[in-house]
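One chain, chain A, appears in both complexes that follow, with chain B as partner in the first and chain C in the second.
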Partner chain A sequence: MRNKFEEQLEQLNIELIEMGSMCEQRISDAIKALTSHNMELAKMVMEKDSEIDQKEREIESLCLKMLLQQQPVARDLRLISSALKMITDMERIGDQAADIAEIVSMANISVEDLSNIVGMGEATMKMVTDSIDAYVRKDLELAKHVIDYDDVVDEYFIKVKKELISFISNSESDGEFAVDLLMIAKYFERIGDHATNIAEWVEFSITGKHKGS
Partner chain B sequence: MNKIVIENLDLYYKDFKALKNVNLTIPEKEIIAFIGPSGCGKSTLLKSLNRMNDLVEGCRITGLVTLDNKNIYTDIEINMLRKRVGMVFQKPNPFPMSIYDNIAYGPRTHGVKSKAKLDDIIEKSLRDAAIWEEVKDRLKKSALGLSGGQQQRLCIARALAVQPEVLLMDEPTSALDPISTSKIEDLAVELKKDYTIVMVTHNMQQAARISDKTAFFLLGEVIEYNETEKLFSMPKDKRTEDYITGRFG
Partner chain C sequence: MRQKIFRSMGVLIAASLIFFYVLIVGVMYQQLFNNMEKEVEREARYLNSALNITGIDYLDNQVMKDEGNRITLIDSGGTVLFDSSEEIHTMDNHKDRPEIIEALKKGKGSSMRFSETLRQQTFYYAFRLDNGMVIRVANTTDSVLTMIMTNMPILLVLACIILIIAMIFARWQTKSIITPINNLNLEKPLENDIYDELTPLLHRIDNQNHLIKEQLEHLNKKQEEFNAITENMREALIIINKKNTVLSMNRAAVELLNVKRGNCIEKHFLTISRNHEFQSTIEEAMSGTPSDAIVILDNKYYKIMANPVYLEGILNGCVVLMLDVTEKHRAEQMRKEFSANVSHELKTPLMSISGYAEIIKNGLVKSEDIPEFSGRIYSEATRLSSLVGDIIKLSRLDEDENTPDFEEVNLLVLAEDIKERLLTQAAKKNVELRVIGENVKVKGVRQILDEMIYNLLDNAIKYNEDNGKAGVSVIKENDTVVLSVWDTGIGIPKEHQDRIFERFYRVDKSHSRETGGTGLGLSIVKHGAYYHNADIKIDSEPLRGTKIIITFKAI
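Moving on, here comes the complex of A and B:
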């Protein structure tokens, strides 16, 4: 019953997983480029952002096709409308990974201890992965866990900020790259916010209730 | 205010129990949609609201149906009930007579004789049914010459001519093309200002578009009754969800 629709919904899941893993990969590559001063990798992250944009178009078109052909209601309508909202956040995550890569490609970052900012990047990656997993598996607990996990990213942000402040005040060199690093941290913090948005839409797709409504 | 209240209604066709303990309240001047698979009892319930099931041999009803707090089986005379609760069927069924006489039929049976008064009723009914402009120049022509969509609006006008309070509609658009369908839907929304409308429909989008409340029927039971927007976005019962999302059975 409704075989074609079931296939389309399955296709939507596959595409979302793909888009999610593209976002993850870009964040991971941006972190690598930062820690290894790998300019080539940074450039590649910037160039590949268009692939995420393209994926967004494809998913959007699939969702519109389903709305037109299947006139979904109830759970199906929530799944498709959530997917439409989620891909906007995922596209922004891709942009921010590219922004991080752009800073890496231009700055000469000479701080030795990058552990907190790397930890922060990894924490956001986990949020992105988990939020998409929660959608595909319709896992409300995991979605809530992602929303809570944003605090971890925020704590990292405070730590990185404090580190950079003390670095600038103790250092004799100019603080330019400290400002660059602060921007990178801010981008990670935004990625965490977007992953939280995704998790909130997952919550809506399962329960019909969206935070704040 | 509740126009119709149904309490603990059971309906049998001989030994077959077609409705099982139905409890529903139908508020005044709203559109209520009944949805559910074929044979689930929605048309049967609709027909019990103006006692059309009385004509079915072996039909037996227990429980209570009230119209403005009066028991329709004991406290309201049947002709008066059917004047107050009109019905429009799935297939347009104009009488084989002129457009004018179709509409005048009901008022005449209720004793209206004055030509001027009949003229007024006919114009008002046809206007209310959004068909006046299309037929005003051919009122004396046969109603059978109208298109399906026009015939259905004529039947609605005929139902309105006796100034009912409630309109029962049994799949009123299932035999019509999309344009006629949307005209009837617009009309139903317009009529809601003055009438209470109960509509059986197989078209889920139609129920979602125009009704205020929806009841989902299955095997003679009301499974879920809620505001339409809620029922179609967050149904409470899994059976409702399965039916409206097309995963039933």
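Moving on, here comes the complex of A and C:
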């Protein structure tokens, strides 16, 4: 009985990492699509969003099965409940990556200097990677680092916003793509928040204390 | 073992107790019965002779009722005439009793009958009197069964006591047998002083110990060899089983993937790297086909090769080898860039030459414009020829073969010489040239050193402001000779400083043709410096000037 439970826990672990790496891949593809105006890549990111949703359902049913059949307690219960919360955040990250890809594929973004928004994308990417790494290595320090790093992404958002405002006021062209870029920045900012959530749940699964409570 | 000894001892004791009991009772009973038989017979015989002499009245006078053996007198018709224990009226005819029939026939007879419950048995002995009547004597005793049953409680108590004593004894016995066996020194079995019966076993253990030791040593040696190989190789080596669990990874793998070894062994491969290419390469190997790929981790290029491992024909996992190919990749990239650049650079002047020539050939140029056109053709051809010359110089520096002999070259004299040659060019931009320093000699190839200083000073003039200054200084510092070429020119921005020595690299791509040059000058300088084992450094600030410092070893 116990052995089967161990096996299921290991499977949960692997599936979570797989889901995390899917999210990473989607974000990095979305950033690539944004910088290289690669419509094909953007479309692919949008299409593959369903894979993450599928994965979420799989992990969810695995978690519920374990809760019902094994009635875990203490650490195991914490692990499973935090996994249940984490997949929700990961699924949202996947959705937002798809949203970014959608904007990229629809809009004609022609700003020459994308450095700030790309920097922002890379910063969020780093947060997602680090939060998953923190889960994989059960690294409390790294989880805390991710939570702190959210400020960097927030700063980037403000920077991008200011840049776009000055761009609209200085140029005669319509500000449509500026709004699109702002949306993208907002999505990145949201992804950063979700990565923070994941890190908080990692912290919870290790220490049993959640930041929010 | 203790249990077994206990049980067999118990069974043995119980069985022997029961056996002896039954045997003894049987023997004793037989004895008693025989005695009883004889006694009954004797009494019957005595009564017989007494009755024959005195008649029946003897019985009434002599025999007390209900005392001793039962005595019965029966007439020849079977009717009971006298009985010592019962009223004769209640008794039925005895003619059909076997002992009576026998006595009537043969003069005497005996028989034994069990009571209805088998609890008792009665022995009868009968004699025929002279007057034809029959006297019978009977004795009733307990049967064997009753005897056994009545003595059972005593026996049980006895058995219990014996068993308890036996068990205590057995416990002590087993303990004293087992203790030395438990205390056996299995490391050195032959040194034990114990039962002779165990000696063969001890010998076998000893042999096995030796065998195990040998095999262990063999395995350890193998392991050490394996470790020595894997730990010291630069390539990362990861062994994965078919469940994607990491079985082992060497030091290089730990370093390359930037993980802790304890965190990875016996963990799923995903824990180590979530890289997509990596995963698919391993998946492919797990499906049975060797595969390789280039993955980018932390801006470095790695070639990974995954090979399936078969044990007895069954796929059992895979071995992943990882090489750092960043340098190779970069070199390849540079080579590609270089050949693309060379063809472009060669093509541009050629196109102009053929263009001008075509216009002249078609007679579209007025005769007074011909000198200007031919001048352009000439300048493009010169450019082409200097480009080809530079490429040849570079490729000569690339090859180490046919090295010209090293000689002692006085750098200051050489610099003065070059300055003289460049004076006209400097005059065009009104740049002031200075050569200062000490008379120092270095070992080198005059032609290459000349080329290097010429290129540097030429650049210092070309990329200078009008009315600027440029110069060469040669200084001896300890055991090194420092040659620096400086200018007050436009300088080189920081982000370009790493790349200016690359072939065809231009800081300002749009204006390269105005300043002339082939884009290979600094590359030749760098290669020349390498050739002389000299160190090259750049110190530059935009709009302030550039200083290129080459440090030679002094003679």
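We adopt the following convention: the second predicted complex is superposed on the first by the 212 of 213 C-alpha atoms of A that agree within 3 Å, B and C clash if a C-alpha of one lies under 4 Å from a C-alpha of the other, contacts with A are read in each partner's own complex, and residues count from 1 in each chain.
Convention: contacts are C-beta pairs under 8 Å (C-beta built on N, C-alpha and C of every residue); 3 or more make two chains touch, one makes a residue touch a chain.
Keep in mind that what you see is a predicted model, and the values were worked out from it rather than measured.
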{"item": "Clash or fit, chain B versus chain C on superposed chain A", "value": "fit"}
{"item": "Which superposed partner A:K4 touches (first chain B, second chain C, both, neither)", "value": "neither"}
{"item": "Partner chain in contact with A:K211 - chain B first, chain C second, else both or neither", "value": "neither"}
{"item": "Chain B versus chain C as contact partner of A:L77, first or second or both or neither", "value": "first"}
{"item": "Touching partner for A:K162 - first (chain B), second (chain C), both, neither", "value": "neither"}
{"item": "Partner chain in contact with A:V136 - chain B first, chain C second, else both or neither", "value": "second"}
{"item": "Lowest inter-chain C-alpha distance for chain C and chain B in the superposed arrangement, angstrom", "value": "18"}
{"item": "Chain A-touching residues of chain C, taken from the complex the two chains share", "value": "260, 263, 268, 270-271, 274, 276, 279"}
{"item": "Complex contact set, residues of chain A against chain B", "value": "1-2, 5, 71-78, 208"}
{"item": "List of chain B residues in touch with chain A within their complex", "value": "204-205, 208, 232-235, 241, 244-249"}
{"item": "Of all residues in chain A, those that touch chain C in their complex", "value": "10, 13-14, 17-18, 20-21, 24-25, 132, 136-137"}
